[in-house]
Structure formats: C-alpha cells, structure tokens
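Below are two complexes that have chain A in common, paired first with chain B and then with chain C.
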Partner chain A sequence: MSRATQNALVREDRGGYEAVAASAVGLSGVVFAVGLATLVDIVSITTPVGNGTLSVALGAALLGLGLGTSGLGLASRLGYVDASPQPSAGVVAATAFAGVWFVIGAFAAQEAGLGTPGWLAIGFVSGAAAFLLTALRREDVGSTLPAGSVAVLFGVALVTGFAGPGWERVLVGYNATLFGDTVIPVVTMVASLLTGWAAAKSYGGFGARGRNIGAYVLIYLIVLSILAVLVGLLAFVIIRGLPGLLNGVAVGGDQLLRWPFLTNGASLLAEVPGVFPALIGTVWLVIGAVLFAVPTGVGAAVFLSEFAEQGRFTGVVEVATNGLWSTPSIVFGLFGAAFLIPRFGNQKSLIAGMLTLGFMLLPLVLITSREAILAVPDEYRDASAALGVSKWETIRSVVLPAAIPGITTGIILGVGRIAGETAPILLTTGGGVLPGRSAAPNVLGGFQLSASPPFVTNPALLEATSALPYQLYALITAGLSGNIEDPQQFAWGLALTLLLVVLLFYAGGIATRYYFRKKLHQ
Partner chain B sequence: MSQIDPENAAEQENRANDQSVSTTDGETVEETRPEWTEHDTDAETKLAVEGLDVYYNDDRALNNVSMDIPERSVTALIGPSGCGKSTFLRCLNRMNDRIRSATVDGTVELDGTDIYDGGVDLVELRKRVGMVFQSPNPFPKSIRDNVSYGPRKHGDIETGVLSRLTGRDGSEREAELVERSLKQAALWSEVRDRLSDNALGLSGGQQQRLCIARCLAVDPEVILMDEPASALDPIATSKIEDLIAELSEEYTVVIVTHSMQQAARVSDQTAVFLTGGELVEYDDTERIFENPESQRVADYISGKFG
Partner chain C sequence: MDSFTDTEVGGWEARAERYSGRVRTFITETDPGALAVVALSMGSLLLAFAGFLSASPLAAVPFGVFVLSTGYGWVRHQALIARAVTFAMTTVTLVTLGLIIAFIFVESAAAFRYESVTVFGVSVPGLGMFVQTRWDAVSDPVRYSLVPMIHGTAMVTAIATLVAAPLGVAAALFISEIAPPAVREAVKPGIEVLAGIPSIVYGFIGFTIINPWAGEEFALNGGSTYLFVGIVVGLMALPTVVSVAEDALTSVPDSMKDGSLALGATEWQSMTSITLPAAFSGVSAAVLLGVGRAIGETMAATVMLAGVQKIPEPITNVFYGYETLTSLIAANYGNASGTQESALFAAGVVLFVTVLSLSVASQYIEARMRQRLGGERT
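Moving on to the complex of A and B:
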C-alpha cells in the first residue's frame, strides 16, 4: 500500500481540481436542499423540469455528482493531483458505507425476486464489499468510490424512470407500502450527503485537512436540515393559523385595537368566535403554577445545596426530583384528579389545575435552582463569612442574586412545558369546549371576604375553566362541529395562539434573565 | 528591631555543633528548637497562639504552633507550598470552621480571650478580625454596595424606604463610610466617579484594593491577608504593598506570602513554616533574612530548598 507523503509547506497549485470539488460540494448542497423540500411537500417530484420531471432532474444531478466524486478520488489515486491521503478512510466511514450498501444489495436482490436467505446473503456480500473497499484501499479511493457509486446507481434508477413518482413497493412481512414521493427524496438526500462529504474531502486533499472539511460539510448539512424542519413547522402553524387569529382585527374606530379572536368568547351571538376564556385560563394556570412552584422549589434548592449535609439524603432527593421531572404528565393529572379535586369542592377547578401544574414545574425549578446555587463561586460565601455576615444573610444577599439567571432559565424551560400541557388540565381543570366570554375566570375580581375561615374565598378559582391546549384537544375530539362557522380555521387560530402565548412566556423569561445577568456583570 | 541578646549570641556559636542530627539514610535533618520561635517585642500582643494543631481528616496540617503576634505591625508568614501557613491564617478568624474535615486543637487568644471558646460569637470575631483572600473576590454588585455590604448586614447602616420613613436613613453615613474606606484602601481617586458601576468591571489590582476597603469598612482590628498580591502584576502588587505598610500604623496585619522579597519589604516580623506544618523560626524580618538561626530556614531563604 503506497502512502503519499507531503513535505512541502505550501501545496502545489491544484486550482482546477479544487474548483471541481467545490462545485461538487455546492451541487450536493443544492440537491440535498431540493430533496428536503420535496420530502416536506414544498415542491412535488412531479414538477416538470425541462423535458422531464423533477425526479429525472434529480437523477441526472445525482449521476453527475457520483461520476464527478469518483473521478476526484481516482484523479488523486492516479497521482494527477497533489493530495495527502491516509492509508485508510477509517472504520467509521467503512461501517457507514457497509450499512448503505447492505440496504442497496438486499433491496436489489428482492427486486430480482430472491427469497429471504437470498437477499440477506446478497446484502451481506455487498455490505462487506463496501466495507473492505473503504477500509482497505487508500483513503482517496476508499471514501469516494463507494459514495460515488451510490449516487450513480440512484441517478441511473431515477433517470431511466425505473424509480419515479408512481413507484411503489409493498414491504413483504410488514403492513406498509413505500411510495415514490417519499422514497425518492430520502434516497436523494442520502446520496447527496455522501457525495457532498466525499467531494469535501477531496477538496481538502484528503488526510487531516480533508477529513476536517468533510466533517464540517456533513455537520453543516445536517444542522441546516434540522433548522429547516423547525422553520417549516413554525411556518406550517403560522400560515394555517393566521387567518383565524387575525379574523376581524381592526385598528382605530371606537376602540384603539379590535382583536375579536382574542377578546371574544365562542358564543352564538359573537360575530367572530374567539378564545378569550381559554387564553385567560392558560395565563392564570401558568401564573398560579409559578407562584406555587418557584418559592417552594427555590427554597428546597437552598436547603439542599446550602444547609443539608451532602450525602445519602440529598442523593435520594436528587433521584426523586429527577424521577418526578420525567414522570408522564397524565400521572400528575390523575394525582390532581384523585387527590386535589375532592379537597377543592369536588369538581374540576382552576386551583386544582394550578397546583397540579405547579407539582409538575417543581422538580425542574428545584433541579435548575440547585445547579445555579452550586455554581455560585465559594469565594463569595467565604468573602461574606469573613466579614462576619451570617449564613442566611449571605444566601439572601449574595448567593441568590448571583443564582437568579440560572433559576430563571429553569423557570423558562418549565413554563414552556406546562403551558402546553393537556392531560393534567383535562383531568383537573376541565371547562367547556366552546365557552362564552362570561366563562373566563375573573380571578382578581373574584376575591371575597367571609366571616368564617378561610376568611378569603374566590369562586373563580373553584370553577372549571378552559385552557388553550385543552380547548384544542376538545375541539378535535368533538369532531370540529358546534356552533362556529369555520371550525378548521378556529382550531388553527387556537393552535397559533397557544404557540404565541408559550413564546411570549419564553420571551418574558429571557428578558428577565438578560436583565439580571446585566445587573450582575456590568 | 530587637537587639541581639547575649543568650542568642551564645547559641549562634553552638549552632555548627549541635543543630543537625544524622538520620539512617544519610540525610541530615535538623532539629527544631522551641526557642527559635520565641520573639519578644515591646508592643502589646494582639494574638497569642498556643499549641495549635490542625488536622484535615487524618492529615496533620499544623504541628503544635505557638507564636505571639504584636499589635500594629505586619507579620509575614512564609514557607513552601503546603506547609500550613494559610491554614494557620485561617485559624485566626476561625474560617477553618467552614471546612468540615478540619479539626483545630489549641488556643488562639485575641486580646486575652480564647476565640475557640464555646461562647465566642463568630460574627463579632470576624468583624474584629477581617480577611483578604488570594484572588480578588468582590461581590457582583456595585462598588458602593461592596464596601457598605458588611456594615449594612451588621445593621450599622440602614437604607431604603423603611429606614427613611422611620427617620433612620443612613445614606449619608453610607456615603461617608464608602469614601473613608476607599480612601484608606487608596482606591478612592480611581473610582470616585463610578461608585455605582459593577465591581467586576475593575482591574484585578483595583478589585483587590476594593476587597481591602470592604474589609476596612467593618472597622476590624486585625487584617489577615492570604497571598493578597499573588494574582496581581508588579505595579498593582507595589500598590498593595504600600497600602499594607500604611495600614500597619492602625491595624495588626498578618500576611501570608510566597514571595520572600515581599515579606522582606513589607513585614516587621516573619514566621517561617516548613514542611509538616511546623513553625521553624519566628523573629524580626531583618534577622530572619540576614542571620537565621536554623540551617533549614537559611537554606530555604537562599533558595537551596523549597
């Protein structure tokens, strides 16, 4: 096995080679993006492109990529360019290629009509061949040829129309069918990832530099696809929800801003049905849960990190809190229904929901507050103790202020979870599917003084209330019927409202954290 | 500086004869003589340490240390790393209480009162015996709040709505105290225009002087400094050293340092700790550096060991 050595500090000019490799990387990126777009139905693979469809065009691009990438590897192997490949592309790459080629081999054998032992054997043979080629040949051949041939194979299949939009296969032994409009984008993305990686390696001349660039391109493409999914999800909800949310919005007139979807109930009389009761319900649920969980959680965290002896007891508490945090929300809901409801007037009530969500929030607030308090440098505590300041005063004036940004992070994450929680609300808070405006809880105005203990009562807290995620769930299970004109639009508007409320809580939390961080460090 | 008394002179003559004993493996290990750690000055004794032993779990960090620290002077503690000098310092205001594994045996008397006595009020003790740490550790608060932190927490200064309503507003007193402490710490001219800025925005040397000001604000009698200049550049170090010299006119300063030059520059008397938590020699700084009685101390100071 020959090994190319490189002694010169400055590489020979290989501008042409690099240009070809760079364009192959670029083309891979474009093909990957188009594949992603077709996968999430932004473009269809039947879209006409030139004389054929997008499917054929993708095939042609893959064919070109495969040939180009293989050519890059061969050019390096035959010594036309100055590269510094290592003796082997490595076990990781070899295993990845073996996996891809196992699938290809097995599938091709099934297409050819082979039975179970047959396709398994062929799959193993082609997987092993890819593994050996990658692992045992020099890096420039080992990382380009297996990738390039995958792309060539897929490209030929798409160009010749062997696989196209109408393609479908029933999976033997599974109750499932593969359709062309899902499979073609996926294979396109896989092949373009492989060629993009291989071309990036050739661009760097293989060796350490090539691997570096290859890994960079691979990670970049994967991160981009994750971001694309996130953006796609948001766009999906926003596009469908906006008409409902903005229904009847008017600026000016007798009111400064008229936003019926957010300020109306869902009664027959309302011109535009709205989600006001559920919106207010969600806001109160979150406020109540935070008011309950933050003081208790932070207090417990202070006790555990500052006062308790670190040992078995704190260890048990830690395991218990971690376990509580991962407890399914329906279990919390059941607890609320079985334990809290009988104690608060034997009916679903706002306060039962607040407390149940508070229990759910508690472990995360406890965990993050504890981490934040432990992260406060001991130097602050020493400095304060050396001034003769008592432990509690030190915690109150130095430790907690320094831990506030971390504690806030925990609250932000927890609120994000509980604000969208459906199961506990379903079991503890209830409320109507389409409540009218008067069903909104009037917590602030609901406090009443009474002559007997507990001296202050609040009927609003003891009534069943709707909340955004619960109303959405109820609408869907109620079959989207009822006395509203366009249930579909209403439900999407509701979903968007819920998303925005959660994001607003997030924004509020992040602003708080930013404020305290700035106060601590400037 | 103390006179060389006849007894000392006689002992010096004997030194070559009896100061070393040979061990079996051929190395010579010197005996430690109790009289080398006796040091008498005309000044009143501020802190009297007697038979101090400190253990961290089973590791002995200090071995039967006794020394008298005179008031209104600078006492330097020097020695190689791990010799127990910081441990000794932290015994003087009971900061070792904060380390769970530490056990302290012996007595430390502050103006004649044993601070390890059961009834001692730690708050009061630490108000009288202040401490400055190795790395500057100002609180992430404004410069003003850093200085007034101690007095506020001790209830000497009240600010805020409630105190204004009850007519006990201490804002003016606070301003005076902040100014006086910062002036004492030679920091006032550098920060007078930005007292409300966060202390973490100051340079390392300024932060350390702020910590000294914070310590001075509670009006201590003794100031313990644990390598206060080791994290600072030469210019900041020289400022701190000048400050220490000034402070010794009013306060009793005990300083741990790694730098023998620093000990020689700032201190009136020097205690040398060597491995094993032993106090080997304690005398006027001049004598320790020019004419130490112990051969091991002489070796340490001339750089042959440690």
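Moving on to the complex of A and C:
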C-alpha cells in the first residue's frame, strides 16, 4: 500500500507511457465496438477497408494492440518506466486467462486433428501455462503478456487469412456450424476486452491504482452495454411498431383525433385493423387487480407495521409474501385455472384473470407499502400520541398520509409489471386472436340484478376476453397470420402498444418518486 | 429430554394462559356493541370464504352481510373494525399461498399416481416422472416424464445465470459504489425500465429476430436454441439481481468503507476487500432470486423454444431448444385434459417448490447478513 502511495506521488516522466496506454485502451474500445457492430450485422466483415477487408483490418488492429500491450508490460518489467506492480496479478485474473487459453489450446489441438484425450490434454496444458504465468510472474508481465499474446495470435490468424469470412467449422454432433462472420466478431471482442483491460492496468502503473483503473474500465463497459441493450431494444420496437401504431392517424376533421389502431377492432372490413378490444381488456384487468390487491395489500401492511407485535406471525407473513413475490407467473396461472375458473362459470373469464393478477400484485403492494410505512419516522407517531390522539387516528391522519408517496410509487410500478403479464391470463382469461370491436368487454353496462343468489351478475366479467399481451402471444402462435392486412405490421404495432402501456406506468411511478422526493427535500 | 418436554409444555400452557387472560381483559374492556359488530363482520367474512371455496352462489349472502356490518362498524367503531379488517387482509397472503399449494398439489395428484414406480415393494407415486425420460401423451406407452423439461430449464437457467450474475453484480457495484449521483439517478430508472419490458415482447423479438438470425448464423436445423433463450432470460433476470444486490451493497455501513479508504486503499480495493465480503450474503441472495426468476420465466421460452419433449444429444448441446417446465405448461394447458393436464400441474409443483425453496433460502441468507451487519448475535 505504502509503495502505491509513494509511486503515485513521485511518478515522473510517465507522460509518454501513459499516452501509449491510453491510446491502447481507446483503440481496444473502438475494436470492441466494431466487433459488436459486425456481430449484429450492422457492418459485414467483408467490407473493403484500404487494401483488404474489414476482417484483415481488425486483425491488424488486434496485432498492434497485442504487441503494444505486451510492450507496455515489458517496459515496466525492464524498469524503463516507474510503475508499482505487485508480485502477482491475482487468482481471479489467472483463472480468467486459464479459461481463455484452455479454449485456444483445445481448439488448436482439434485443428491439428487430435482426438478428445489429445485436445483435452493440450487445452489443459496451455490453460495451466497461462495460469502459472499470470499467477506466479510479477503483475506487469502476468497481466499483459497472456492478454497481448491472445490478441497477437488472433491478429495473425486474421491478417494471414487463416481465419476469414469464408472460414467455417461443423460442430460434429451438435447440429450447428460455426462461420467466420459469427466467430470473428466474437473473438475480436474477447481479445479487445483483454487488451483494453491490460492496457488500462498499465496506464495506472499496475498495483492498486492500476487494478482500480482496470476494474473501472470493465465495469463502465458492462453498464454501458446494459444501457445500450435497453436503448437498442426500445428503439427497435418503436421503429418497427410505429408504422402499425400510427396507421391512419389523423388530426382534425369530424373528430378531434382519429387513431384507428387504438379504436378499431380487427376485421377484414375495417380499413385499419386495431387492438381496441385487447386494450380495453387490459384496462379492465388492471382495474380489477388494483381493486382487489391495493386495499388488501395496504391494509395488511398497516396491520403488520402498526398493530401486530413483531414476532412469529409477522415473520411467517413476511416469508409467505416474499415467497408469493417470487412464485413464477405460470404457477399463478395454474392456480387461477384450478381455483377460480370452476367458481366463475367453468370457463376462462375476465374476472378470473383480474383476481389472478390481483394475487400477483398483492405481494408487490404489500412489500412496498410496508417499506413506505416503516420509513415514516417514529417522531411523527410520538408527536401525535403526545397530543392525546388515539392510535388509529394517528395511523389514519399521520402515518398513512406520510407514507402515501411510497405506497403510490409501489402500486404504479407493480401495476406496470402485471399489465404486461401473459402467462396467468393465458390460462385464465383467454379470448380471441383477432377480436372484432364488439368483443370489447362492456363491464360498466353489464351489471344485472337477479332474484336468486348471487343477486348481482355481470356477463361481461364472465366471458373470455382478449388483452394486449395475450393477443400478442396468440398472434405469434398463429404464425403471425390472420384475416387482416399485414399481420406482421399489426403484431409490431401491438407489441409497441403493450410496451408503451407498461412504460407509461413505469414512467409514472418513477416520476411520482422524484416529485415526492423533491418536495421532501425542499 | 424429559425436562425439556416439560418446560415446553409448561411454556405452552403459560403462553395459552397469558393469551386467554389478554383476550378476557380485551373483551371486558371493549364496548359490547363494537365487539358484536366485529364478530358479525369477521364471522360473515369467514362464512363467505367458506361458501366461495365450496363454489356456492350463496356465498354472496354472507359477503353482503360482511360489507354491511363492516360499513356500519366503520361509522360507529372505526378503530376496532379497522384493526379487525386489516388483520383479515394480512391473512390473505397466507391463505393465498396455502390455496396455491393445496390446489396445484390436488390437481397434480392424478399424474403422480399414474407415474408410480414400485421400489423394494413400495409404490412411490411420482417417481416415474424422474427415473425415465419419455413424455408422450398421445401414443403408447403414454408416459409423463418431466426429466426432459427439467433438463431444458436447467440449461436455460444456467446460461441465464452466467449472463445475469456477473453483469448484475457489476451493475450493482456501479450504481451503489462508483457512479456519481447524477449518473446513478439516470442508470437506476433505466434498469427498472428493463424490468418493465413485458416478457412477451422479449419473446416476440426472440421469435421474429433472434431465432431466424441464429438459425442462419449457425446453420441450425430450426432456430430454437437454449443458448439464445438463456441469454434473453438472463437479460430479464438481470434487473432483479441488480436491485437486490444494490440494496445489499448500500446497506454496508459507510463507516466501514470510509475506514478502508482512510487507510489509503483504492476504491476498488475497498470494494473487493470490504464492501463485497460484508455484503456477500446479500449479493448471493440476489443471485438466488435471479435464478428463481430465470426458472420461472415463461413467455420468452414458450415462443422461442421448439416445444419438443426430448433431451438433446449430446446432453450439453446448447444449439437445440426443446422445452422447459414453464413452456410445457403454457403451450399445452389449453389442449390437455385428464392425466395430461394433471401432469402439467405436476410440472407446476416442481417449479413452485424449487422457486419457493430458493426464495426461502435467500431470505434466510439476507436475515443472517442483517444480523451480522447490525452487530447482533444469533
């Protein structure tokens, strides 16, 4: 530790070294990004670059990176720069390199035509060699040479054309073939990841500071990739779905806004087939689930945190709630099918779906409400009690109002989650694949009084009803075909509608949280 | 041993005595009118529940009585009725869990009986589902082995965990330890939104984009692969891992980290040698919950997998995608009847028991971590 501090303070003349290391990190990032782009077919590896193809250019870049990274390590080892390497790069890095080199060794042995014992042995030897080199040599060599040699190896393979766009290997017995245009990007990404990490370490002069930088580079890369996946997914669904969703939208005219995709049913006669019945179905499912789960969940949270003594009973309820929270949605579906359907007219029905989703929503509401109520400071309760207010009055007019922001956020996020659930309603609510406009449930107008029990009936609640996620599933199982024009576009529009409905709830929940938090800090 | 039993009984009797004493005081101190209303309200609720369980339309009558008596009680004796009603609401969780267990076990009984295997002269129901690998509901011999689906679930879950666990823990470290506040405020909702994308949308993208792409890219016979289903499911389990692991990392007291930093350790050293070890059990609980999510993930698997109840050759072949427990249920429920439907419930039982055990295990681990960080002793 003391060495690290000393060197950080007296470090001199490292400008050139750091610049080389930093540019190696940058180049690794660029190579990684290009590899990713080729993997998802944004660019082809046969794209001409300079005199060769992209494949050769990537190879040259990897070669340079590999030599550069190894050079950085050697420069430190030979004492040309002031660094503070530790005696070993550590077991974690050693294990990772051992894995990479096991694969390389095993693959090379297979290429050479050795049998299973042969490639296992060779793979094991090369993995062990990499492990020992990393674990036993000083850190500057141990973390750069294994990484740099991987990049050099791949670079040479690509530049010489040993591996190129036409490369392919049949995985015997696996019913699959590896092609150059899949393998080369993956290999490039792995190699650039290794050199990027090693270069980042040498930028920090190895040791504690170098490891810090190396780890941060990897973590930033991971978080960026997760966000990139998220943005990519959303953008992809939006781009694919917008034509369907906006089909025939018009502002003005006899109506203020015409949005046929959201207000039409699906039929051959309709000019633009729409998802109106499924949209209404989802709205009613959510309303039903909320009516059941929110009072129950909030009430239970009040009892657990205000009335009950903390003991075995609250412990059991807590375990049961968390157990319900993690119960798979398809099991809720099975439960709804076995328990609710026989009790509501022996067929798939809207109310069975409402209650099933309600059962799923209940633990979410209970957990978040309980957290919100427990977060209300005890001073509030004490102050109220000191004024002579009864316990229930305190809960009603002090605790609950203070907890409302947290409870609301929890409810909205929970609703967003169940609104997109397919598995439970698949088993309990059903409905048609492409329902016409008339199939939309008319719950409000459906209530009827009768002279025999149960006295109040509502046929709309007892019918199978389509909902957005279910309709998307049904369309997929129908092979994206149906009695409408362009089912593909319809399905993407439907997916986007579902996504927007769910994301609206999430945006609402997150915005509520920010709004109340800001108010709290004013 | 004897004395132990005695104290147990004595303790139990004493507790019962104390409890009945408390109840007696409560009854004598409470307004008899209020007591009557609460008794009527709770009694009618119990009756309504019993009526609903026996599928009687008459259940509406006691339910009406419950609504009326509770409404009257709310006006006249609000504090007491609120307490009673919230207690009833609390029991809903327990009742739901109990009902789920009861109903899926009862419905699966027929399949378990059908798949009985005699071992050493004892007939073990359900064993046949696990000791042979044939699932065929149509042609003779009709057998309902769950082994192929358990294998599929294990493959998908293993790949999903390889994706979700390292990425999730890294993202959690980033959010709780590394990110500057402004970045954190942007990344956290982003991860939450990732949790909000409906699984059927993932499945739709998988079915229309990933499957054809994989089929072409690896020259597969069909596009269903455990590999890509696993990656997609891992992406879906990721937010669970991130948020639970982040909670665990944040709950490590700042004083511990500050002490390490004050000694001159780098941030990464403090993370790996202080924060992560201290939060280790919480982080492993997060991974366990992520595994549970991956096991239970249904729709993406259903639409992306081929729906064939077989074990691929060789057994580790990730380029086949046949069936998981969840997709078996979702794809076959509507068309199945009789013993086959019951066998689907048996698959549900396997799922439910596995995931519930994971949930209880992770809660146990988390509770231990809280105790350790709180400085209490078990």
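Everything that follows uses one rule, which is that the second predicted complex is superposed on the first by the 473 of 522 C-alpha atoms of A that agree within 3 Å, B and C clash if a C-alpha of one lies under 4 Å from a C-alpha of the other, contacts with A are read in each partner's own complex, and residues count from 1 in each chain.
In this text, a residue touches a chain if its C-beta (ideal position, glycine included) is under 8 Å from a C-beta of that chain, and two chains touch if they have at least 3 such contacts.
Being a predicted model, the structure only gives us computed values, none of them experimental.
With both structures placed on the common chain, the touch criterion links A:Pro401 to chain B but leaves chain C unconnected. Residue contacts after overlaying the shared chain place A:Thr296 against chain C, while chain B stays out of touching range.
Of the two partner chains, chain C is the only one touched by A:Asn322; chain B is not.
In the superposition on chain A, A:Arg437 makes contact with neither chain B nor chain C. Greater residue coverage of chain A by touch, when chain B is weighed against chain C, goes to C. By the touch criterion defined above, A:Leu387 reaches chain B but does not reach chain C. Once the two complexes are overlaid on the shared chain, A:Glu379 sits against chain B while remaining clear of chain C.
Counting contacts by the rule stated earlier, residues 390, 393 of chain A appear in both its interface with chain B and its interface with chain C.
Remark: chain B residues 93, 95, 98, 122-127, 130-131, 133, 135, 137-141, 149-150, 153-154, 197-198, 200-201, 211, 214-215, 218 touch chain A in the complex.
Contact residues on chain A toward chain B in their complex (touch as defined above): 377, 379-390, 393, 397-398, 401-402, 519-522. Chain C makes touch with chain A in their complex at residues 52, 55, 57-61, 64, 78-79, 82-83, 85-87, 89-90, 92-94, 96-97, 99-100, 103-104, 106-107, 166-167, 170-171, 173-174, 178-179, 187, 189-201, 203-205, 207-209, 213, 217-221, 235, 238, 263-269, 289, 292-293, 295-299, 302-303, 313-314, 317, 319-320, 326, 329-330, 333-334, 344-345, 348, 351-352, 355-356, 358-360, 363.
Those residues of chain A that touch chain C in the complex are listed here as 1-2, 4-5, 41, 171, 173-179, 181-182, 208-209, 211-212, 215-216, 218-220, 222-223, 225-227, 229-230, 233-234, 236-237, 295-297, 299-300, 302-304, 307-308, 316-335, 337-339, 342-343, 359, 362-363, 366, 390-393, 395-396, 413, 416-417, 419-423, 426-427, 430, 452-456, 469, 472-473, 476-477, 480, 491, 495, 498-499, 502-503, 505-506, 510.
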